[in-house]
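Input: structures, listed below.
Two complexes are shown next, each including chain A; its partner changes from chain B in the first to chain C in the second.
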Partner chain A sequence: MSTPLSMRQSLSLRVGSAGFLIFWCLLAAFPIVWIAVMSFKSPVDAFASNPLDVVIGPATRADGNGLSIIDIVLGLAALWASARFALRTLPRMVSRLTQPGTIVIGWIIAVSGFAVSFVIGFFVILPVILTGLNAIAGPLSTPLIGLTTVHYQSVWVDNEFYRNFLNSLLVTTGVVTVSLTVGTLAGYGLARSGSNLAFWLLILALIFRALPHSVLVAGYLPVFINSAEILRPIFGDAAPTLYGQPYAVIAVLVAINQPFTIWMLRSFFHSIPTELDEAARVDGCSHFQAFRRVIMPVMWPGVITTGLFSFLLGYNDFLVTSLLLDAQNQTMVPAIAGYFNRETTTTDQVEAIAAAVSITAPLFLLVMVFQRQIVSGLTAGAVKG
Partner chain B sequence: MAEIQLRNLSKRWGSFIGVNNFDLTIADQEFLVLLGPSGCGKTTTMRMIAGLEDATEGEIWIGDRQVNDLDPKDRDVAMVFQSYGLYPHLNVYENIRFPLKVRKADPATHDERVMKAAEMVELTEFLHRKPAELSGGQRQRVALARAIVRKPSVFLMDEPLSNLDAKLRVSTRAQIKNLSHELKVTTVYVTHDQIEAMTLADRVVVMKAGVVQQVGTPTDIYDNPANTFVASFIGSPAMNLMDGDLRDGTFTGKNVEITGLNGADGPVTLGFRAEDASVAEAGTSGAVNAPLYTIELLGDATMLTVRAGGQMVSVKAHKEYRAGIGDPVSLAIPAAICHLFDRTTGARIAA
Partner chain C sequence: MKFKTFAAFVGPSLFMMLVFIALPLVSVFTQSFYNTQPVFEQVEIESCTPGFPDPVCVTRTETKPILGEDGKILTQTRFTGLESYRNVLELGRVKDALANGSWRQLMAIDFWKALRFTLTFTLLTLPLVVVVGLAIALAVNNAAKSLRGPVIFISLLPFIITPVIGALSIRWLFIGDGILTSFLEWWLAQDIAMFAQGWTIELMMLFYRVWHVAPFAFVIFYAGLQTVNQDTLESAIIDGANRWERLRYVIVPHLMPLIVFVALIHLMDCYRVFEEIVGFSSQSHVISLQWLTYDFLTPDDAGNRSIGRASASAMLTMIGIVVLLIPLLTRTWRDHKGSH
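Coming up: the complex of A and B.
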């Protein structure tokens, strides 16, 4: 596509803006790339004063953990092939093999199948092949770059980080489910109601949204600690102490998050013309059927975008989770903070970095899976028929 | 098969009156058009029939059921919306099929009925497209098909043509007329376009500010407008209205004098249609004598406009008539084509 002459920019402007963009991308990407690199190195390399040593990792290589050219080439090829398969072939297979209506189940099966075979292929089969190849390849098999996964192993296996992962999963699933359920229903109701009460409810929600999170935590904390006594009249001796439980965190995070989801979903519902509900109701739907069969399918991008924001809030929260959860129920973010204490060694620090990299990976995955819905959700208005 | 009865129907929002005391019986299979300027309450009336708006007062009967308290889905109506109201996530086929699916019609008949409806509105080629991939006219035809796929007791159409361009409007209008002839279902059609009303309606209801002005056949409201509002709303150009005084059967106003009228003496408004009057023959003096204000060539006729009786008055002349602006013209206005209206109330004065 050629740009019209009148829209063409001068060379200096183009160089300037491109340069600024590159600079900005580097600036934004640097911390993530750098901790990713550090997490694969032995502590000596990770905290080396020469940046080149951090990247190449001579000390790690000297320990016997290194990648040869064959390793790098084959590893990258395997990654590229599986990414291509996931983005191109997999969707086609799913749409070909599933019956209409079972598409969600089809995707779940496809994604879990892909994940399992990727883990087996990349971490079991590939290393075996590479060991064999390196043994016969001669000079090509000399290690070039130091790389060790020992920190990941100690984080996930020795320190049982998977427990924190499961707790995070529980908390975020709870937060997203509750906020989206309440948010869609409330958002739809408020968007379609013209009454004054709806307006004041929204203003009230805004005020709650403006409260500092610590206010809510401080308010809930004593209640949760004493919940066994408070609930005794209802549940008898089985009354639970909510403090330290993931459910308590879910409740607080939902309280923090709900006003935002209601506002966001309301504006999405607002952009859907009322004629759509009315057409559905004349065509034979009850009010709720119209919501479920006509409005919700149109709303998916909005629900997914809002769900992503709710997920991020639950996933990244530190304040609420660190204050309200006891040690065995800790989620990932406060667990990382546990690596830093007075006796911190450099090994601990690199392990913390490996844990931090582990936390970011699901976020990338999530954004990649839903990117199309997120984009159309962020550019609302595309829903008009 | 359903007759619609609206009994003293009113709609108020606080002190604002949307529809006031609407009382009408719409016969079975009748094509009724609600006509009026925007904000006159015609759409509100239709929405009350559909059940999308609650009536403040009065009763709505469809067939032998009073439907005031029924949900839209239980009223057995089908509606076509101004901006189509298609379901963007479904393709054309599923859009048309939606009412059958929701109402749990026998699934075995779905395909046949959808195809029949699609054929009637000539949509069979587009069944697999999404609404976003259709033009405005095609979208409106999908909406029509969705309405006719199920045989409802009543069709409601809310300005279905007003989002279409002029050419498409004419062809879709013809299609609607043909459909209603074929389907024989009671239809209520809302429009602000008087040509649509004239061409489609069995009967027209002219409304203004929530009040019914006149109910009648298109010929009726064109030939015998009940008041100056109807007279000035119907017809293109609208009826000429001149202010003046009636004395002993002679109407006099600025630049105008018409004799041979019947009516009580006093201030009146006199109306006549542009195509009924003509330019006075050479040598004779007509009822209106004034300098020409403007001359417009329409192709099939020439429209002359002069100032008379405090208003602009237009008359259709032969298509080859030519004159310069400012030239004196004389117009013949026989008493037989004149309508008299009360100057203050605007109501028609019976001849």
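Coming up: the complex of A and C.
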């Protein structure tokens, strides 16, 4: 089908539009790609004023850390093979080996298994093979591009960043599960009730969503610090100090996230026809059974999308976690403040960059896998409601 | 749905919101009228140095915090009325500044400095985000179908990145002789220090915020563009509307509800601007309202948190949000009444 002449665009418009798009893509990706490149270089290269020095890294190469042609070729091949495996073979294996109904658990096991074996294969086995190959390859083994993982080592191993990672894991898992459980119930109730009360609850949630988080934290902090004394009459000596407890932070983040969650889930529940629950009710289900057996199975896309946004909130939070957790069980994002506030040497700065890239990598994977769900989640709130 | 089932479904969520959002609000409100301070006592200390014939003795009075039985500093909480608010607002200094007509003097007061930045930042980024988001949406809509997926993927990256990290990644491009600073120096042929004065930091913050939020606006506008009525567009062409007029009179009115939505969300989020201050470490030049409360809440060198002042500044921040929301709420209420 050819477009009518009047709809056809002039050459300058087409070029302008394409140029703008390319410019935007460069702008969007550049800072992120650039810090990823910087994190692999020695401090001299990372903060060099010539961009070519940053990319090629002569000082890093001079220190004896570099990639030869063999390294690059084999590394890319390994990456390509594992990406292919993850996208092609893994879904087939999962669907073959899982029973219907346990597909979520199957995916969780498959993804974590893949992640562990990828880390072992890429960072433990491959380097050993490459050192062996480089030793016998002669001229092919001269390093071309300077690259070092020393900053990642010092961040994750020496500075025990994995502790922060585990705390982040705990907090985000807690936030996602609790806020989805509580949120789906409420979202369903609100979507299926047309009463004035439901309307006012949604408006209340909207007001709560607009509140700055620091306002709320100002309310928690004194109570949490003194909670042992406040709760003593109820719990006796077992009364906990809530300050510094990941569980308290989970509860707080769930509550902060609740307004957004119920709005989004409500709009997803709205798109499921009421006839479906009416049919279930006619067949003798109670409201709750209809919700669990009939509505939830068709709701998974909406739940996954909302879960993604809850994950982002828990993972990205700085304000709440930095004020309510102490240094021992700090999550990743506030922990990075310790690096860039120190910044006495350039090595510290590059370590901060390596930590930042480590935090960003899971998000990058998330967008890659769930791009469609994220887009549908963003538009669900706006277009339908 | 009966009220009982409705309550059972909504109950847990409502409980969480009441305990962790409404209750803290009440406690912040009451806290803002009280002040907790260590109890001090005056101690007379006599220190003597050996001398002849008598030792030389000096008696000093020192104020010391009283320690309780468990060895902790005793504190007492007393009702101070509006004192915390006065401490935050510093109306006396404001009056002086106004009397002198000195803007610089007014901007030396933390609260007013924070208010100025929060408001200008919100109002400056709003049009930029809408325009940039719309431009990307139009350009993507114009691009070949096979390119749209990858472009959306790249566009989502700035949106999804942890805000503190996003701000940091911009900061690292400029800090010291970072590549963009040296590029600017080469281009403008003069020495540039991006972190030495307030306005350059604010420029970087503006850039960061637009970079971070424009993808959100883009995705929403792009979804809206898919539902533009082709017939209206065609009749506009027949009526002789050129490309610009079609955009102005057909597409933008169609997107208007979405533009309002994006603007509202952006106003709410931008009013809470905070991560930029942390990411760019701009405390000494630029601060925001939410950062002010955060700063009162973090322990100072002696380990004290000024809860009273934090609560006062939190309540003042709240007033701003309420003012912002009133037009929205009245509009929703009218729509709701109209639909019944």
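Following the convention adopted for this analysis, the second predicted complex is superposed on the first by the 356 of 385 C-alpha atoms of A that agree within 3 Å, B and C clash if a C-alpha of one lies under 4 Å from a C-alpha of the other, contacts with A are read in each partner's own complex, and residues count from 1 in each chain.
Everything that follows uses one rule, which is that a contact is a pair of C-beta atoms (placed from the backbone, for glycine too) under 8 Å apart; a residue touches a chain by one contact, two chains touch by 3 or more.
Predicted, not measured: the structure shown is a model, and the values here were computed from it.
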| item | value |
| --- | --- |
| Combined model on chain A where chain B meets chain C, clash or fit | fit |
| Partner chain(s) touched by A:325 [first = chain B, second = chain C, both, neither] | neither |
| Touched partner set for A:273, first chain B, second chain C, both or neither | first |
| Contacts of A:147 with chain B and chain C, given as first, second, both or neither | neither |
| A:335 touches, of chain B and chain C: first, second, both or neither? | neither |
| Between chain B and chain C, more extensive residue contact with chain A | C |
| Chain B versus chain C as contact partner of A:289, first or second or both or neither | first |
| Contacts of A:193 with chain B and chain C, given as first, second, both or neither | second |
| Shortest span in Å between Cα atoms of chain B and of chain C, once chain A is used as the common reference | 9 |
| Interface residues of chain A shared between complexes with chain B and chain C | 287, 383 |
| Residues on chain B engaged by chain A in the complex (per definition of touch) | 50-52, 71-73, 77-79, 81-89, 98-99, 102-103, 131-132, 139, 146, 156 |
| Partner chain C, residues of chain A touching it in the complex | 6-7, 9, 13-14, 17-18, 20-21, 24-25, 27-29, 31-32, 34-35, 38, 47-51, 54, 181-183, 185-186, 188-190, 192-193, 195, 197-199, 201, 203-223, 251-252, 254-256, 258-259, 262, 287-288, 291, 312, 315-316, 318-319, 323, 333, 336-337, 340-341, 349, 352-353, 356, 359-360, 363-364, 366-368, 371, 374-375, 378-379, 381-383 |
| Touch list for chain A against partner chain B, complex | 273, 275-276, 278-287, 289, 293-294, 297-298, 383-385 |
| Residues of chain C that touch chain A when the two form their complex | 1, 3, 5-6, 8-10, 12-14, 16-17, 19-28, 31, 36, 135-136, 138-140, 142-143, 149, 151-158, 160-166, 168-170, 172-173, 175-179, 182, 211, 215-216, 219-220, 223-224, 227, 237, 243, 258, 261-262, 268, 271-272, 274-275, 278, 281, 289-291, 293-294, 296-298, 305, 307, 310-311, 314-315, 317-318, 321, 324-325, 329, 332-333, 336 |
